[in-house]
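Below are two complexes that have chain A in common, paired first with chain B and then with chain C.
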Partner chain A sequence: MKKSNTNILKNKVSAFFVKLPESHAFRSIMASVISIVIGLVFGFFLLLILKPDRAGWGIYRILFGITDIRRFARMLYFAAPILMTGLAVGVAFKTGLFNIGASGQYTLGSFFALYTAMIWQWPWYLAILAAMAGGAIWGALPGLFKAFFNVHEVISSIMFNWIGMYLVNLLSINTPAMLDRLVGNRTMILVNANPSAVIPKWGLDVAFQSNFMNIAIFLAIIYAVIMYIVLNRTTFGYELKACGFNRHASQNAGINAKRNIIVAMVISGALAGVGGGLYYLSGIGQYLVERSLLMAGFNGIPVALLGASNPIGIIFSALFISYLQVGGDSLQPVFAKETIDVIISVIIYMSALSLIVKTVIASILKRGSIKKHAKEEKQ
Partner chain B sequence: MNVLGDILSLTIIFTVPLLLVALGGMFSERSGVVNIALEGIMVIGALVSFLYMSKIRDSAFAAATPVLATLTGVAVAAVAGMVFALLLAFASIHLKADQTIGGTALNMFAPAFAILLTWTIQGQGQTAIYTPPWARISPTVFGADLQNLNFFQRVFLKEFFITTPLAIFILILVIIVLYKTKFGLRLRSCGEHPQAADSVGVNVYFMRYAGVGISGLLGGIGGFAYALAAGAGFSATVSGYGFLALAVMIFGNWKPLRIVGAASLFAFFKVISAMATAIPFLPSFQKISGGEYIYLMVPYVVTMIVLAFTSKRSRAPKASGIPYDKGAR
Partner chain C sequence: MSDYVVEMLHITKDFPGVKANDDITLQLKKGEIHALLGENGAGKSTLMSVLFGLYQPDGGHIKIRAKEVKINNPNDANALGIGMVHQHFKLVEVFTVLDNIILGAEPAKAGFIQRSDAKKRLEKISKQYGLRVEPDALIEDISVGMQQRVEILKMLYRENEILIFDEPTAVLTPQEIEELMVIMRNFAKEGKSILFITHKLNEIMAVADRCTVLRKGCLVGTVEVKNITKEQLSKMMVGRDINFTVKKKQIGKGNKILEVKHLTIASRLHKNNAVKDVSFDVYGGEIVCIAGIDGNGQTELGYGIIGLEKAASGDIVFKGKTITKSAIKKRETEGLSHIPEDRHKYGLILDYSLEENLVLARYRQKDFQKGGFIRFKNIRTYAKKLIENYDIRCGQGAVTKVRSMSGGNQQKAIVAREIDKQPDLLLAVQPTRGLDVGAIEYIHERLVEVRDSGRAVLLISLELDEVMNVPDRILVMYEGEIVAELTPEQTTVEEMGLYMSGVKRQPRFRKATEGLR
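== the complex of A and B ==
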């Protein structure tokens, strides 16, 4: 009796390992891992060409840049906003939209959060909701333009990135109560303006010996889990994904595609907005009135692609990209920290080829299993 | 009058990169490949050609024939842009990858690579490559008096680079190639209905490679022209001009002559927004601080309004953005 039980268990386990390579998730993960390896190898060769004697040191810094718990806290701190923008881009991808405007939505979210926190003295949880609203408004605009005027969302969201950045600059400059009195071109330190608006630390800063540590990363993970449930376990999520697969077919099936485009962009924008809120409400970063777009929005694109637009995958890819970036910061001044961006861009390029990578994996596995079958038949 | 002359003069030199890059994008889309990588292609074109220009900066060749030296710079930019664009072509044509994602990767790669490379070559933190003084053709070459430029000299000669007449030449060439040659007809057919083109013996893959290759060529030259127009030099960015060029292409309805109109309109608004404080008849918004941001927003707001009105009627090449699959019906 006991023996047969263990046999069943054994069969189940071996069945799992046989099925594993054929599962969709496994292939996506393998494709991502292969992309990452190729990206890192490319980065290494690039460093080798640029400065042969320091290349080994450079790649070591990138791979093992996080040596202590403080750096680990920094990694979590920078992972939270890009996790949110990654979710934003990923959700839009699932609906067949390319939201390249996460940067603008992130900026608007940041402004809403800082404004409500500093001027209206809202506590942090309400300020995050304000950030959500700000991002949602800025995400809705490209959605409306797509649904009603047939303007491609890539073009319109790029335009709204710039409009949003200049608008927020204009609004911040004209709200002197928000600005740092000494420097003038940035918002004031949040703790001085409204201590209750700083995202709580719950003692984590002591545990991680770092001021960068707070509960922001956990909030971001909660958002990811919620999005996972919405996309995979609700009718609403199913409709969104159906629109992404085939807009015309889903319209025939009675799904309102126009409404879904707008709703998807609103959700996407809201998520990006929360990213801005989490970053600036941590109380360390001050919004700088500058003329360049915020990169956290664009970093959402590789995060989403690497995570295969799956909210759970995005959690891991955000942590990974943040890991690389914190490691990359320590490359300076020998190499520019943009080395990381080069590596990430190669990773995205490879993940654009994910279809090929997946078919290659599949064909290798198939060849393996055919050989196995042939062997078994011979026996 | 002088201010107006300056505005028109700057409008011309900023129209040049927008026009060239938008024409490039048009070639790519007309062949059936969405080229969102124009921004990155511009950066690579400008980077490589400016490295080359700074290399020959003090050479006897440049001193003797500055115009010819600048033209070799144009050629270098064209080749660099084309090679870089082939990365997109390879991924999206042969490997049938998602064209937008591949393009995004190239857009991210180019400026990061430019910073990494200039750091290594010029030293820590020094990412700017300066324009050699001989690249700009002074009005005195045409016999104008620098102190007393008349209106037309101010408009056409005050800021004059060899890329301006080159752009006009390229525009004429593009119209002829696209509408009056067998190659142009075949290229357009691949963007509309590749299966039909294939059935009459057109090599769709080759045509798409050609389309993306030409877009890289023009994009590279456009990047070079932008870096010249920007003034001091090239510092790892073309500040969104590649994306603006995409909007210009859509607004121009994928047709060369309308693209000229669209490009000059956008360039005009860009120049107005940059020079707003120097223009006497524009309101200066003295009651609020940071009024310049209102003007900086203008070109993008205008783009959105224009796109809203024109996109309903716009007709993109039908097969643009769809990988060609021989087996599909």
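== the complex of A and C ==
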């Protein structure tokens, strides 16, 4: 009796492992993992070329650079905004759109959050809603152009990145009440302007012994879970994905494809805007009036790719990329900061090729099973 | 034995999970027309790909003119004198006829193409076989029938002796088909050997000497065509008896369901209108068929009725309400249903599962959603019901990715979805395109069921068999206009061909422009 039970269990377990490689999720995850491993191996060679004697130490620091809880808090802090921009890009991908304008939407979101927090003295949760609205407006514009004039969203959203940045610079410079009086080219420290606008820490800063720690990362994760539900459980998500997969068939089924393009871009922009809100309302970063686009927006693209545009996957990929970034930063000054950027780029490049990696996995598995089959037949 | 030019002996070809060809032997005599018959997925294309060097067989061997050969690629096949006219022509649209014919075998001196030599040779060949072409015309400017001639001349220019025709009649008018048959017979008389891939039995009966039948990757047999009937052939192909005539109930004409009034639709391809001042009615309890050669405005007419294309002028009245400007969603909730011509582009979302596709136009209904949240359980039950009732074959049931299903079953899924909506008007555009006899019979039965229940079917079709058998009325379209209204029982394929090719026009359908002047 007992024996047969264990046998059944054994069969079940082995059936699980046989089925596992065939499942879609498993292949997606494997593709991401393999991309990461290839990127790290490449990184190791890069470090070997740069400083052979310190390469081993370097790769160790990248992998295990987060040694204490304070660094861990930093990782969570940097993960929150890229999680949001990753979601923004991922949701657009699901609808068949490439929102490369997350940076502009992030910038607008940041400005709306800071302006309402500092000038109107809004509390943090309202300021985040303002950030959402700012990003949504900036996402809606390329969406409208795409739906009504068939202007490709990549072109228009790139342009809106620059328009957004200069617009925010212009508005910031002309709102002296927002600016740091000493330096002048950046917004003032948030806590001095409006303490209620700083995202609460709920004692986490004490637990993690770090000023970087607050509830932003949890808010971001909640957004991801909501997006997961919207995409996979609602008719609305069903329509969005249908449009992404096949616009013609969706139209034929009576789905309003134009409306969906606009709505998808509004949601995408809103998510990126929240990213900006979460970052600046943490009270550490100050908006710098500079002539370069904010990278957090672009980092959303690799986060989305590595997470296969799945909101849950994006949570992990955002944490992972942030992990590498924070761990890699500790390579300084032995290695240049750019070194870690190169390694991350390779991982991202590989993840963009994850479709190819996936096919390779599939063909290897198939070959394996055919061989096994042949063996069994011989026996 | 040496009178065989091609011998494919015991050819076996495995693909993971399927035996595409299982011990198939096909022998082609010199100077014969040999038909290769089989349903979709019977292994015809695989077998021809093996002969053409695109696949290597896993078992068996090929002999050409009694000598065993190994064909590694299409170039080898060409060198052995094997030429092929593909179903979808492989021509460069922006090149001239002459350039297409010499492509890959350009006569050159010091790197310069000797066009005048080539042209002389082409003219000689085209005179010899009576294949008239315009050497300097661009491919994109000539008709489909003419393009096929170019493909045939390409083989002749290369002095191929073994000619493979892959479903050559699919795109031709009845008259053009007749011409092609004559040309094929001439080739055979000349001593060329012809392999003719088709699933149209009439053509085999008309032109072939022998016929090899495949079913599910296996050889059913090779028969002399003169000793066999059409019914026997179809039974060999499908493995059971097939009804060629569609049985319809006697049922009176119902209410007027659809009224198209002076509808004009602009073309996306050229500056002229695709649909010009078209008017007709469809009543409940009847199947009306729009017949015509591909590209005469039928597609656009269908798009106009469903709402994928805007009307430039005119009106569409559905159940007494004007829907000319209504959104697609509105038309569908009012009771209009659509089986689209291009099932991959308009009919299905290939990356969605079968159940998600089966509710594609219905997910908004109360049964399938509550407060915007999808009711997966109900969808699953509904999908299971449709899969069973409509006999949709799918590997993993309701969750099968539609991309992995066969074409016939994909089409069944669309038919199930659209008919189960209980529409007042079913617009079926080319519903049996590319399907095998069994599936065609099945879909025709379903269309007739809709008709017999007193609802209306508007069928748009290019298949003559379908046009002659299924509908109660036929409207023939030529260059965007309706030129004739016919009753299938009182017309012949030949007569219809004259209307389809614009030679004849019924007096009541005067040219629109004449009417204006």
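We take it that the second predicted complex is superposed on the first by the 356 of 379 C-alpha atoms of A that agree within 3 Å, B and C clash if a C-alpha of one lies under 4 Å from a C-alpha of the other, contacts with A are read in each partner's own complex, and residues count from 1 in each chain.
Just so we're on the same page, contacts are C-beta pairs under 8 Å (C-beta built on N, C-alpha and C of every residue); 3 or more make two chains touch, one makes a residue touch a chain.
Since we're looking at a predicted model, the values are computed, not measured.
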item: Which of chain B and chain C A:218 touches, first, second, both or neither; value: neither
item: Touching partner for A:338 - first (chain B), second (chain C), both, neither; value: first
item: Contacts of A:45 with chain B and chain C, given as first, second, both or neither; value: neither
item: Partner chain(s) touched by A:236 [first = chain B, second = chain C, both, neither]; value: second
item: Dominant toucher of chain A (residue count), chain B or chain C; value: B
item: Which of chain B and chain C A:245 touches, first, second, both or neither; value: second
item: First (chain B), second (chain C), both or neither touched by A:202; value: neither
item: First, second, both or neither for A:253, with chain B first and chain C second; value: second
item: Contact residues of chain A, present in both the chain B and the chain C interface; value: none
item: Contact footprint of chain A on chain B as seen in their complex; value: 36, 87, 91, 95-98, 100-102, 104-106, 108-109, 111-113, 115-117, 119-120, 124-125, 240, 243, 246-247, 250, 288-290, 293-294, 296-297, 300-301, 303-304, 307-309, 311-312, 314
item: Chain A residues within the chain C interface of the complex; value: 233-236, 238, 241-242, 245-246, 248-256, 366, 370
item: Residues of chain A defined as touching chain B within the complex; value: 46, 50-51, 98, 100, 145, 149-152, 154-156, 158-160, 162-163, 166-167, 169-170, 173-174, 289, 291, 298, 301-302, 305, 332-333, 335-336, 338-342, 344-346, 348-349, 351-356
item: Of chain C, residues touching chain A in the complex; value: 16, 306, 308, 327-333, 338, 340, 345-352, 356, 360-361, 363-364, 369, 372-374
